[in-house]
């Protein structure tokens, strides 16, 4: 459904997206993960043809993207991160307007159906200006689904919602997927993606770090332990003694501190302390930092990036 | 920082340039000027072209006179104009004028004798230019007419002297008869007072020398060539020869009955006469032509200014062999003939005047008519509608082209209703917005 | 109806209808008519003294003022129309769907043009009422002026759309518009001042400046939509069918050029503020 | 923000540059201008009806000293000045781009038709002013003539008796009389002056003198006598 080839976007010398190769299959719920500013929105804008790529190609629904080919766009529904509305319109007028643009048949019934699905049926004649953030998000969903799109692109779809609404929308997304729609969800919340998606791509600083099944990614991020070890000497000279250990994935030193990433299949702390002792160091303290999936992602650092990429190399 | 430096530089440039404005106060200089007797559509305008003006303007296919002379030129800052001291220096420069078009000499002019002939007398604007022998002949005609007048005047004075003597004799005779007791009507014949001769009813100016120029529309250059073949320094000028944009129209001068000294012009056919209440209007029709304002102003005096995008009407000739009609749609309300009128001063504390038709009584009392005109009365009985005035050739039912003007009688008492009318879009808006409010959930 | 036409029509309808649900349009017309009433009241009062006044068609001037006021409103409206949708993000949402820069701009153009036509219709009603009240006369010339007004408004709208397509934010659109129109006015003023000066009284740099300004001024006469307005209404007063037709032709050419420029500039600039 | 500022600076810079260049080029004229003064060698006064020619241009000055020719292409020219009763001036000149100045003085040749002089005296504050008018064979005054190098000698006597019947008295002044040129005058632009303090002896009010004059000109010497020279100093 979506395929990109070396998609790159540069703004005034700043590279927002670099050599991105995405592949979303029909029927997928694809999670597009990355922290804020990673290049998710730019990528979506390029997918929609609203931002011209600096290089690379985009294929949507099997066709190469062309800004003038509006027929492809009729088969896509989009919910963007921020909701933009004509606030002077009522919700119903708003949907009628878009129905007319997308030439939706049986407008009235379809709109009723959608209002019921998103739970706005009783508010349909209110001005959108009077809507809460959550209601606006739901309305945006309704608009995106209005023309029965084959592909649904959701950019941070639940950003402003309360837990009940999130549940409601998540069910809706799953329902739509069951009906055969391909769904592309971008988010900086792993938990969100975790519950929905079968396949995930992780983007950071414009690069796709990993693209795999949810379960694989999940294992990679959770199968590590980070230890901070304080010793009595300058740490750097003893780097090799630690790095060569088989269970150590990465190691860094700053003055007298080692930051070591270990495999999490068992507790390697005693092995580590023995190795350090043998190289002539006395351990002053040792702290474990075990990250949850969410945390690991939320605080994406150079470490778990290298972690992701390192494992990629190994596998 | 840099932006300030640049700003200071810019300001400095402006100040320096402004400094130049005051610095160049020109002094009195002996300079070549072209003196102009330019046909202006109706008559001839006399002016001169100082060295500061590089273009002369003339009306196409009509003769105008230019002459090149040396005089003192000085700038008169109060009127911001150059003045010429022809009294202290006025020397004609010998030579010929060459007219160039596209760099090629197309005509060479020699000085010719010319006269301005005013067939309706010295005070009339209407003039014709005659050259060479015709000029001499016209002037000779005028001179002989003046001489004839002088002879008649001498005769008149002689007749007057004789008349006075006869009249005195008559009085003496009467006195004697009365003293001798004769009463009633006497049978002595009273001497007839002679009437003075009429002054010459045309005028011709004294023949002068100049270059007579008559060119078709276009842009030209002129220069003065000395008999030895050299060109006079400062004699090169551009010449713009133009024509009228619209001709053949009829314009009107209107004398409102209640203020005969302040007249109105209705030249452009699109202009409308707006009236309210009772009005008596005296219409004077003219043949007219429309010229570019800038060109025509520059023609009248090269130092005049004007705007090239504007146009002005020039009255050429009064029209007096027509009658006028006032009509409403197809219906003719009044047919007006030209008639003489007399402006009667009202003495006493309410100094004013009254315009009355000139009649035999006024004639017998020795008054001359003040003006002749077409009188149209707009009475208060006429309903406030649109009327048309137009001029018709005598004995014809055809309107003179472009002679129609609209007269609108206004309801000026309704002026105060204009403001309420302006509110209607707001009312409309209120209705629309309220109807919208009722359709949405609050 | 083709796809494209349908989209244009939908966009147009939404924009057009919702303009009537806010006060701006009515207030502008009200202001224009108040000014016109003031001018006409003065005109009628001017007749008080003498009971006669010769003038060109007196409704021309108020009509001119009204068209100017409406044009300023429309140039502002069209001037912010794209940048406002950009700034509010609504443009982006439209472009998710089957909307292109071309149909978006054409819909905006027709919306503003139709608003102009409606405004001129209001003018017609106003002047008709005025003429009923005072007998100033609702003439064929006025009708011609109103027709010409449509084309002039088309120029104004296209100019505004072009400015709007260049700018990302409403505020900058307004500022750029004000700066450009102010610049036109300033140049006109400087031109008038310099032309009025005696050649002898100007130093060489000032003479040069005068030449430059007068060239610029001539250029502006073909760039400023208000210059078209001036010429168009002059053509009506002169009652010359050729000039009338020519001005309509100029206005159409101007509109097409600026509309194409706007579409190009909008495609290049994108949908984001 | 910084980028925008630099754009603005660039635009302003270009504008200022264009302005400077255009002003520079517009003030730099590509042709030569010849201007200057032309005067009478002796008097420094206007040379009347002088005709000036350079290249294919000409000008006649009727009552001015200043002349000006513009639009001359740089190069060598012959400058000719001719005026009635003056020596012809013919000079090779070089015209460069910009303003070239030329000062010319013309030498008078003759006073046309000179046949004699008529003199008048006038008591002024400085002394006795003598007007010398030139007359032709018909006895008419000559109005248009160049200034020539002249010498005036005179003897002033005290007049004994009336104007019609007198004898010459004592000599009050004898010798050369200084001449000067009066450009404002119409007929007598040559004037002489005998200062009061060079007149011998006490002057009594209401007395008159007789002045015998000899004027030496290149066209010969002419004599005249003024018989009623007022010997009263005129106080302003």
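Each chain gets a letter, A, B, C and D, in the order it is written, and its residues are counted from 1.
Quick note on the criterion: a residue touches a chain if its C-beta (ideal position, glycine included) is under 8 Å from a C-beta of that chain, and two chains touch if they have at least 3 such contacts.
Since the structure is predicted, the reported quantities are computational estimates derived from the model, not experimental observations.
Participant: Report which of B-C and A-B is connected by more C-beta pairs in contact.
Facilitator: If we tally the contacting C-beta pairs, B-C comes out ahead.
Participant: Just to be sure I understand: the centre of a chain is the mean of its C-alpha atoms, right? Then which chain's centre is nearest the mean of all of them?
Facilitator: Here the chain at the core of the arrangement is C.
Participant: If you average the CA coordinates per chain, which chain's centre is most distant from that of subunit D?
Facilitator: Of all the other chains, the one whose centre lies farthest from subunit D is A.
Participant: How far is the middle of subunit C from the middle of subunit D, if each middle is the mean of its Cα atoms, in Å?
Facilitator: Subunit C and subunit D have C-alpha centres separated by 69 Å.
Participant: Roughly how far is subunit B from subunit C, going centre to centre by Cα mean, in whole Å?
Facilitator: Here subunit B and subunit C have centroids separated by 40 Å.
Participant: Measuring centre to centre with CA averages, how many angstrom lie between subunit A and subunit D?
Facilitator: Chain centres of subunit A and subunit D, defined by C-alpha means, are spaced 103 Å apart.
Participant: Quick one: report the Å distance separating subunit A from subunit B, using the average Cα coordinate of each chain.
Facilitator: The mean C-alpha positions of subunit A and subunit B differ by 88 Å.
Participant: Any chance you could list the residues of subunit C touching two or more other chains?
Facilitator: Residues 21-22, 204-205.
Participant: Would you please write down the residue numbers of subunit D that are in contact with two or more other chains?
Facilitator: 19, 23
Participant: Considering only the defined contacts, which subunit D positions touch subunit B in the complex?
Facilitator: Subunit D residues touching subunit B: 5, 8-9, 12-13, 16, 19, 23, 53, 56-64, 66, 68-70.
Participant: Please output the residues of subunit A touching subunit C within their complex, sorted ascending.
Facilitator: Result: residues 45, 48, 50-52, 67-68, 70-71, 73-74, 76-78, 80, 82, 84-86, 88-89, 97-98, 100-103, 143, 147 of subunit A touch subunit C.
Participant: Over in the complex, which subunit B residues touch subunit D? Could you list them?
Facilitator: For this pair, the touching residues of subunit B are 2-3, 6, 9-10, 13, 29-30, 32, 70, 72, 88-89, 91, 93, 226, 228-234.
Participant: Given the complex with subunit A, which residues does subunit B contribute to the contact?
Facilitator: Where subunit B meets subunit A, its residues are 439-441.
Participant: Where on subunit A does subunit B make contact in their complex?
Facilitator: So the residues of subunit A in touch with subunit B come to 90, 123, 125-127.
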